[in-house]
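Both complexes shown next keep chain A, but they swap its partner, so chain B is in the first and chain C is in the second.
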Partner chain A sequence: MKQPIYIKSACAISPQHSFNKEEFGKPWTSADTNLLQAIQPDHSQYISPVAIRRMSKLLKMGISSGMQCVKEAGINEIHGIITGTGQGSTLDMEQFLKDMIRLNEEALNPTYFIQSTNNSVNGWLAMLTKCTAYNQTYVHRGLSFDLALFDAMLMLNETTATKYLLVGGFDNMTDEYYIIKDKIGYWKKDRINSLELLLHNRSAGTIAGEGSAFVTVTNNPEDTMCALHSIELLPDADAAETALTINNILQANNLSPDDIDTIVCGMNGDKDNQLFFDTILADYPNATIAAYKHLCGEYDTASAFGTWVTATIIKNNHVPEELIVKRNVQKKIQNALYCNRTLLNQTTIMLLSNNQ
Partner chain B sequence: MEDLKSTLKQQIIDSLNLQGMKPEDIDDNAPLFGEGLGLDSIDSLELMVLMERNYGIKIEDARDGRKVLESVQSMAEYIQANRKL
Partner chain C sequence: MAEKIVVTAIGIISALGYGQEEHIAALRSSKSGMRYPRYLQSVHAKEFVVGEADKSDKDLAALMDLPTSGNGYTRTTLLALTAVKDLLKNTDIELLHKERTAFINADTVGGMCSVENMYMDFIGPDTKPENLEYIDTLDCSDSTRRISKYYKIKPFEATISTACSSSANALILGHRMITQGLVKRAICGGCDALSRFTLNGFNSLKNVDRNLCRPFDQNRMGLNLGEGAGYLMLETEASANERGAEILAVFSGYANSNDAYHPTAPSPHGEGAYRTMKEAIEKAGLRTGDISYINAHGTATQNNDQSEGEAIETLFTDNIPYFSSTKPYTGHTLAAAGVIEAILSIYGMQQSFIIPNLNFETRMEGMSLQPTATLKENINIAHILSNSFGFGGNNVSLVFSKS
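On to the complex of A and B.
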């Protein structure tokens, strides 16, 4: 059986005031355009003026959130950088492709090409942290971040020496990408207020979002936010298969459904997604149910933001009202389930606990 | 020549996204790399693309590129002598 790993620090750049804040930041931001855009921090605190001038938004978000996460962990050395991104820097890729057409494939700017590669954030983080150890970027659509975290768990289980790994997920939403996804029915047809997303769960589609979130994970439980006991990835499971997987996770950790006091869900307002969660959550009538995608929108690595939300909730022992789908009375958040599901039915289950 | 240098400086600023910088801030003879503007190897590629796109000049030999991209003055002189656009 895998040993738990521990989240030492967490940092998120999102459409909410989440950066550099221990609690969820007020005021809550919303959009009526079916597209939530990330609030940008002062990136110049993390990136030199010479380097920052040619960086795209995604690169800046990834570097700033990764570096801030390492800073908050208060560690001198990291032993690996593992990230996930569904699309990489689409902004650079789109610009490069547009230039190819406009300039008839001649005299193309190298910067857009260099930065459009999916591992450019990892490369920068490695240089800035001087980390020459394991460096990996997973690109598996809605499971990209989750695979990175899974890889980190396996790595930390292979050693008894104290190790720290930087794990993150990042994606940005461009106008072009939004339009393409709109054409295949990803987004809701009606314009809705993002904070009311979950009230519109009888229609198809969701709202778009973007962001970058990182955690440092370790096998040393001292001074950490929470413990991560298990992570399971289901590429295309239905509700029954998912429920069975959750039961197996609980049994492996000597827990019953009644021991779960909080469930953080990746509900995205889509009618089929809601039906899935209604089925899953029926087994947990006593748990407090929280959701987060009305705060960040749907994107391939929204799960990284969801992990930041879950770790922050456990650390603060408090679920903010704006996240509550159903509140149950509880003294302390002890065992939390995390369940994300994308529009492609990719599902991630995590079991986390308060280890303080 | 002065007009060319002024245009070239603005093109360098735009191409390399040198935020907050104006053409008059760039000395004609200051080195573009290292101590002067502090540009790096990716910038040198961008400058070569700039010359090809705006003046039809392709620098095939890296040794030539090193001399041509020394300063705004050297770039302007090379452009004036070799421009096709």
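On to the complex of A and C.
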């Protein structure tokens, strides 16, 4: 895709105080249970009291963060809603499934069935924003949000008219889903403090998390947080193939590795994941390295939170101390690489820059 | 003007059979695939007719040279794999590795068909429960990943889940990616297997007819569920010509828009459906008078057929083309519905017949339109419109044209 796109606004509900940006990191929150839960904002700002009672956590998080993101963009109209979710509303799915088993397929409550539909957040956001335009939902594990952002970039490259798209990713970690993933070795055997996750990178597994993050993106550079030049999604790449992809992106944008001053990484404390990042980062000895999964935990759309973090630090021209893996002297954040990688080796590479 | 995107291969499995011949034979003889389920283990199995594919899980696994039990492949994935196998039967598989190919899949409930029978063990105290190989198959992209791996499709894969319009959306993404030159080819479509979860879900909404569904009939009582998988291979016309591939249809237009009205009900007078059909026809550079046939979403629920019917009347006024819903043949195959119905329409277009809308007797009150109720042969079909409307107000219309 030839034209860059621009992040106009970003909003995140996460295990950190992120919904109101000025509170980010004041204070940092942590868990010792290997499971980070998102801090819930006051959802009544965007959802009626009747609806709030019926809705599961995922719907509420998706709606509030999506609507807040549109508000912060200060735009009158959006031209599409594109989201990603690894699991949709697991809580509704679990409730309907267990009721079905318990009640032997009789007298079931349809609300759980409806809300378990993967695009239910999208439907609500379309209603609340009165957006009748393009509406899409990707459900592709660790690339779900990334595919939504990819689609948005594709769409903005198809037009010359000024457009604004709402793009988000959301997942919640239920007790049952945690148990299921535990049985296939996702989580660390020992209970650790989440803020120290990256110190435990010699053992297998990570910690669980959840959240919902949205960005508005546009082809109009005016008054935006940062520019996104490239996004590449690798379903199952090793470190060598990923490094090659990054080099291709840099070349296509007339940059060399030395031009990259900041790298935001989705390292998750797993030993193989760490080896991957060690290999990739060896080519960038002069860059500041930041990480975010010790703040949000690992979940299918952690990349949405990672994108929120990246846009925020570029806009503020500042990487908070708690995110730093390695700091290098730099005057300004100009060119940033973003690299997320999941336990299933799904990898996302983005090139972003400061456009102020 | 952008280059034409064409269809060069088709793969399909549904209640009507496996592959092109069985499907065309069933359509031409007005033979429905609906019956009481043989494989779906539900307490309602003797109450609801469904569109269940004839092959058992073992048959499907054997077709793919997979172990026939405990293989971790759910029925959803097996249906999808066999449909892709059908698609590739006349295609050089090397193309998938040599040139950039996207696999864009669609699915609504992943491996629910398997997991719903194992779930309590999965969340129970046993750390290594039986059927552990199925524990993470509830994920919608489980089938996508397994198929990409099985056929070594590279470099792009995606899974879309927008309820009943999912696979129609997968086709649109393939079209757009090829148009922008990001991939040379795309295999796009969707899959869903019958599950107790979806049967009970739609039943809890009082949306399921116990008897054969009657789309666009005044006395319709709801939908019948079905299962299946279908895929189209898309590429540019130049790419097809370059390798001497037969062009089966031109994928000439599409639109996706949202009702922004209600989580499950369509906009009452079909404003969303109207807008979507209109945009798709315009995108194809056509006028309403150019459309020879509409494959309607036509679920036979009260809401859908009312609003879709009104939308068709508003858009086509007194010049309504032949139209039918093919759901009485296959059942509502959810994520697979969009692509399966596109495929059936393409078969009709290639062989110049209009697929009749089964089980139609009485026109809907207050409306003048009625579906094509008997088979029409030797009809020159130049352009077809295929509708898919889903929960969350997600509307998609696709236009295919004769090559």
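Just so we're on the same page, the second predicted complex is superposed on the first by the 352 of 356 C-alpha atoms of A that agree within 3 Å, B and C clash if a C-alpha of one lies under 4 Å from a C-alpha of the other, contacts with A are read in each partner's own complex, and residues count from 1 in each chain.
In this section, a contact is a pair of C-beta atoms (placed from the backbone, for glycine too) under 8 Å apart; a residue touches a chain by one contact, two chains touch by 3 or more.
The model shown is predicted, which means the values in this text are computed figures rather than measured ones.
A.B. asks: Applying the document's definition of touching, compare chain B and chain C: which contacts more of chain A?
C.D. replies: C
A.B. asks: Identify the partner contact of A:Leu108: answer first if only chain B is touched, second if only chain C is, both if each is, neither if none is.
C.D. replies: both
A.B. asks: Quick one: classify A:Thr132 as touching chain B (first), chain C (second), both or neither.
C.D. replies: The answer is second: A:Thr132 touches chain C but not chain B.
A.B. asks: Output check: A:Asp151 vs chain B and chain C. Expected answer is one of first, second, both, neither. What do you get?
C.D. replies: In the superposition, A:Asp151 contacts chain C only.
A.B. asks: If you stack the two complexes on chain A, which partner ends up touching A:Arg53: first (chain B), second (chain C), both, or neither?
C.D. replies: Once the two structures are laid over each other on A, A:Arg53 reaches chain B alone.
A.B. asks: Is A:Trp124 in contact with chain B, with chain C, with both, or with neither (first, second, both, neither)?
C.D. replies: Second partner only, chain C.
A.B. asks: Do chain B and chain C land on any of the same chain A residues, and which?
C.D. replies: Shared contact residues on chain A (touching chain B in one complex, chain C in the other): 106, 108-110, 114.
A.B. asks: Could you list, by residue number, the parts of chain A that touch chain C in their complex?
C.D. replies: The touching residues are 1, 81, 86-88, 93, 96-98, 100-101, 104-106, 108-110, 113-120, 122-124, 126-127, 129-141, 143, 147, 151, 154-155, 157-158, 176, 179-181, 183-184, 233-236.
A.B. asks: Mind listing the chain C positions that touch chain A in their complex?
C.D. replies: Within the complex, chain C contacts chain A at residues 42-44, 107-108, 112, 116, 119-120, 122-123, 127-129, 132, 135-136, 138-141, 144-145, 148-149, 155-163, 169, 173, 176-177, 180, 182, 196-197, 200-205, 256-264, 272, 275, 390-394.
A.B. asks: Mind listing the chain A positions that touch chain B in their complex?
C.D. replies: Going by the criterion above, the answer is residues 49-50, 53-54, 103, 106-111, 114.
A.B. asks: Per the contact definition, I'd like the list of chain B residues that touch chain A in the complex.
C.D. replies: Residue positions touching the partner: 15-19, 38, 40, 42, 45-46, 49, 52-53.
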